[in-house]
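Following this line, the structures themselves.
One chain, chain A, appears in both complexes that follow, with chain B as partner in the first and chain C in the second.
Moving on, here comes the complex of A and B:
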């Protein structure tokens, strides 16, 4: 039983390798980790077009996020009274 | 679709048929069908596209790979060429970005039969059997040349833990030419290898040799876990890892906390400490180690920030940071005076860190000794109180120092820092015993940080000199007002108060309101100036100003020298404060233990305080830090303190610590404020003594009363009768020369020293007031030249009020005078007309009757004027004057004296009915009456005029009596009672 499971694992691993090659060929910009997430999502029935739209959108958003700056500090002021 | 070629149409039709055949989906509208169709088309297209671009290799790869993929199983889906396969491909196609323009070469994939097993089974099985592998069997051979080069050229920086981050040999070669030659060299050629073998493997180098470790299952948790992940999750990717030992982790932790900048496990970017992501130990999973290390990194960062602040303030920042971050906290150019509050704070921080580093060194030494097992968690456990304290320190630092914007003036920074500390103490204090140590630490920090402030206060109230070059104290001297100016008392100092709620910077100038500026401003908004000084702020200001004034007065020489000799053995305010706190702690501890009575305990604490004082007197420098160190230790190591200071063997009562801390404000009240209070009383007492003794303040006050309030009756009588005589004679009297001569003559006889100070001048009054002859007198202005220090009390404003009273008195005197000198010529007329005709007799009788009425009226008027005169001279001026003299004797400081004087003048002014409202009635009455009297005298003895006068007088009199009665009945003016009674009596007789 264990060996059968092991064989299956290996087969899946190979599939992923093939998929990574395809991904590279198409220049998708996905690495192994994100690719495996995508595979899981697709298997769960997520619409691939929607998923691709999401990925593109997220990439854009994270780009613009890097440009943003910190808000300024609050001020402390002083008063003087002559005596 | 009309323009499609027949070929395309045909191929579409064929494709659809193919899909139908392959998938078995008949419905063309089905989502899956559409998906498949789209994939097929794009697939064809991609292939065609690649062929067209003559990327034949790619095209071939594409075909082969997709084929292979479609025939491979997916992790969670059974079967091949399922929907999931197609949707994945579709996703990739959607994401694809210009595949024809990128370089792609298919990588040969290893068709491994089994995943690579990182676990060394051979070793595992042979554990315990191999004896002679040597300590570092994995250490690779080092080529001779390379190690030699490296050895001689490796610089070791002071800040560095000795770990060079990820240096590739290439970089080393480059650096070798630039860097300064070595601080240490090891003679032997293979010294480095030797060091590595005997001290530490270079775990920081990439692809460092693995160290050996036990192959017991417990020390291989990481491998076991990795294996498990690998077996269960097909998508799991083993990462590159840097293996370290726990000892190395502990040592780096210790280094991080002691402020070393460069590490392997911890990395710094822009002041942020983070944990290197791929560091692992063999006996923990990566996540577990990471969570522990991240916890440490937080403290490391706190230490780093505090350390940087310390370096910046002390001015030896060894590592020039990026511009902008470097000089944010008051590390200034050399020309600027030092900002002492920050320096004191840094000094306190530094002291804490010294003890902390001692602790760290001790742990490291134990680690090196290798006598007992030291684990990371044990170290953290041991350091946990310190870490909690660092957290507190960092919190205080963040709110008190780091959050202050760069352009803030020093006074705001200083008071903000002190306030933050103060608030933090009170805040932690309220938690109770849970935060005892935090309170102890903060308290010692506060006592150190407050030192510059106390020193400034001390200098000010003892030497009268506000020495504050960095402008950090909440009170600052206005440079443009000299001491011997009459505004000195009012406008010399500026009190700054910090408000965090209001945005703009405001300056309130209330020079007129005297020195009670603080009270004035606090009405409107909540001000948060340095809160601990608030209760004694007034005393400090008074004492400081008095002292400065006193210094500038010519004191007696003897007193001066005496003071100078005393100053040598005098203790500073800060020292006194610390001593009081110590003695307070002693007495606190002892009373519950011994169960003594209050009196005994105070006596014993007094004896103890004496011994402590004696000990401190031995120390030459009063500002000896030893004292402060001991004091700080007192909280941290209570038992230690008892040995050091009290010498006795009291049972340590745990509650005693919290007792002292919980009543922080009470501590201040009993330990700091009394010293200031005492100093205040001393200073102000001295000033008052000097003013009254050397500057004859009381004599001047008496002189004012003498001349303005006519207390020197005979002198002033000479002066005003001369004027009245002139008026009587209908001669012109409004000549300054005449008036001054009269005044000088009158005064010179009895008070020759005042004759030069007194002068009279005329001031034209507005025409509206010139109705009655009596108003003519109002042009007179008496002035008395008051010399410098006394004119702070008797200001020109005061003289104005004095003058008003003087004029009123003069008017009454004049009314009295004219009534006194009133003679009716009627009597003479009767004598002359003796033996005349009946008609003449009749006329004469009428005249006599008129004269009689006139006499009656005159008497009534005299009664009225006399009662008014009596009322004012005795009832008001005399009794109020007595009260005033009494209060002056009791006045503690100059401000109080000024207030008393003002109050006295205001009272007189009020009671002389000069206040606007009352004046309205009474002024009219007196003037009309006296005017009547004058016109009487002029002899126009017409019946109508007499009637009119009588009725006028009656009306006025009645009016006044009613008003006064009302006032008396209301009870609001008890002093008016006598006047009302005497007038009433006069009225009833009418």
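Moving on, here comes the complex of A and C:
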């Protein structure tokens, strides 16, 4: 039982690594945390187009906020509420 | 499910935004709205398409994609998300004040910019018609990438599905459009997908729209049309305005076309490239049909092809650049469009390269093989580093087959040269016995100029030695044992390396192979075939080196050879030879040598005695016959003849002297003979002196010195050619010094005359002695009888007996003057011949002969008699060449 869970965990970890690599190659600018959130959102069935639009919007907004002499903001996720 | 999802997403989005400040709420609302509004995406859930898109962006994706296990349920959506978030590295980072302008920014197409970026070459569109259809086709082929472009720009304009139906896209686009607070160019979203789908983001009105057409033919031709034409001309195809004119052999612009001067000039300059290209192309096409062109020529054509391919690639890049501009319908920006000036600058380097190639092609017309390589090499001697690099590259390709030939020849001795390109030629008609001398020769025209004559000769020698070993010496050791075959030029890169270091590595290779092979060959010859022993045996037997054997042989042969030649039988003489061998030191010689020694009877002319037809012989066969060729053996036999005769003279005179010594005492009792005898003695000693000096000259000055030289050269010889050369020199020297060559024919005749005189003298003296001895014996008999009778008590001699005796003595004494005069004639004749001989000697060109004349006339005995000899040495030196 534990081994199956372990295997599953490994698979998940592997997949996340691969996705991180892909996102790095594509130069998306997503770090691991954001990527995991995005993946979870997509897994829930969200429309990727819309999500990507939102992310871009937020990024632009954050840039503009930065321009307005704000300390650099990072996307941090402290805890995720997951079902 | 919907609400549940929404709840979840709300939370997550909040997580996203939670670090933001107060304005975040606004964004949050927006985000929720967006997400909530569409969960049915418009594009097909096709992983394959998405992955293809991503693959277009980055190549390694495929590897990673295959690693994704079935963990993700909505793999494609993740991928799509990533793709849409991905940034084009060349996209200018846009700092936008307002959101709307974000989508108004024009993004350059990623794949097609100036040729200096590495681009994906597209297929060449070769005609106008094709190009227009190619336009739509290009959309099809690059549809995916264009889709990629679309997605880069964000959701507007919405990505078109591959199927032209775009109905579903519209409502979405419009829906999105109203969510944007500001949209500065709504037209972008509203561009309907028509026959020409929107090719890019909308353009601010300030940009110039480039007309798609070429301009009306009646008016001035604009630059764009010219550029298109030029691109065709670059490949050698006639354009609309610029055509090839055959009589001027250049590309000319149609004079009917209205064109401003500067454009005309620039086009002409660019058209030169087309002409150069045609030249090179014509050559390669013609040569590829030529079957007898050979490997070198083919590699030359291959290298030209390579260069042309690079050129075509450049042209395709230019074409694609042109197509980009056409596709967009507008000039993106003036900096990146294709103008004639830009073409001039970009094509400068290719023009130089093509010029070099065309010049090479001209220079190499009609050459092949090593000549071609020499021609290419000659072109490499230039200061321009680019041209030099190009020519070096071509040279390395061209010389690669030659070097291959060379290595095979050096290391294996094999020559497979169907097109006669290599500089070693083999004559198939030559048999094995002449293999060394005649079979292989140098084809001088095919020696490449980067291989010196010395190297070429060494190469020839190495291969010849290997073949010689295989065929003549029957030595089958594999060439790998003879010389460590270093890595041969397997690739053109090796050839290039070698060429760059011709003096060093190449020379070393050749030298190493040369030394090893020649040493091995000499070893084989000396060990298995006893070359040096045979050389020495020649000296001993044919050149009368083995004194005791020769003397004994002569002793044994004397009675035989005095007989007429027709009565001689070879087997008799051979038997005598054997006896001589067994009785002297010759018996200790190598059996191999002794069995080759033989007697040979020359052709008999009437009146010959045995002396004239006798000769020794030495049989040679196998590899040593390469050194002792038939001509050499002929020379040896001539020299032997000469030496044999001289020896015979010596022998004769020894006999004479012996006789004189013996009989002098006996004939002391006959005082009337003393005058005659005295004359005999004088003449004999003259002759002895002469022959003595001649023998000394022949033995020491001629034979011994030349032999010494030969021996030292042979010991030091590095290859068989050296030995053969030294041997030939040896024989030539001997022959000229022994007066056997054509120049000294007169001298030789004189010498022969002298020899004849000696023989005559011998016979004369013999007869003299005979009669004298007879007389002596008669007198003795008479005395004896008288004594006997006195002892018996009678009168010693009766009066008649005494009278008889006196008469006889009288008669005898009367013969003496005859003898004396005979001798005098003989002496005279002899001396005149010797004087003539001396004169000839003095005026000969050979120094040693001149010194011989000193020795012969050491006390100027002849000089006193012969006025011509009284001329001093200084005078004769001046008159050396004119025969007195």
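Just so it is clear, the second predicted complex is superposed on the first by the 68 of 83 C-alpha atoms of A that agree within 3 Å, B and C clash if a C-alpha of one lies under 4 Å from a C-alpha of the other, contacts with A are read in each partner's own complex, and residues count from 1 in each chain.
The rule we apply is simple: contacts are C-beta pairs under 8 Å (C-beta built on N, C-alpha and C of every residue); 3 or more make two chains touch, one makes a residue touch a chain.
The model shown is predicted, which means the values in this text are computed figures rather than measured ones.
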Chain B versus chain C as contact partner of A:36, first or second or both or neither: first
First, second, both or neither for A:52, with chain B first and chain C second: both
First (chain B), second (chain C), both or neither touched by A:9: first
Which of chain B and chain C A:61 touches, first, second, both or neither: second
Common interface positions of chain A, toward chain B and toward chain C: 11-12, 14-15, 18-19, 21-23, 25-30, 38-40, 42-43, 46-49, 51-53, 55-56, 73-81, 83
Interfacial residue positions of chain C with respect to chain A in the complex: 5, 8-9, 11-13, 15-17, 19-21, 23, 27, 30-31, 34-35, 37-43, 54, 57-58, 60-61, 64-65, 67-69, 71-74, 77-87, 89, 95-97, 99, 102, 154-155, 176
Partner chain B, residues of chain A touching it in the complex: 6, 8-19, 21-30, 32-33, 36, 38-40, 42-43, 46-49, 51-53, 55-56, 73-83
Touching residues on chain A, where the partner in the complex is chain C: 11-12, 14-15, 18-19, 21-23, 25-30, 34, 37-58, 60-65, 67, 70, 73-81, 83
List of chain B residues in touch with chain A within their complex: 35, 46, 58, 61-62, 65-66, 68-69, 72-77, 84, 87-99, 101-102, 104, 106-107, 109, 111-115, 231, 234-235, 237, 403-405, 408-409, 411-412, 416, 475, 478, 490-500, 502-511, 514-518, 520-521, 527, 541
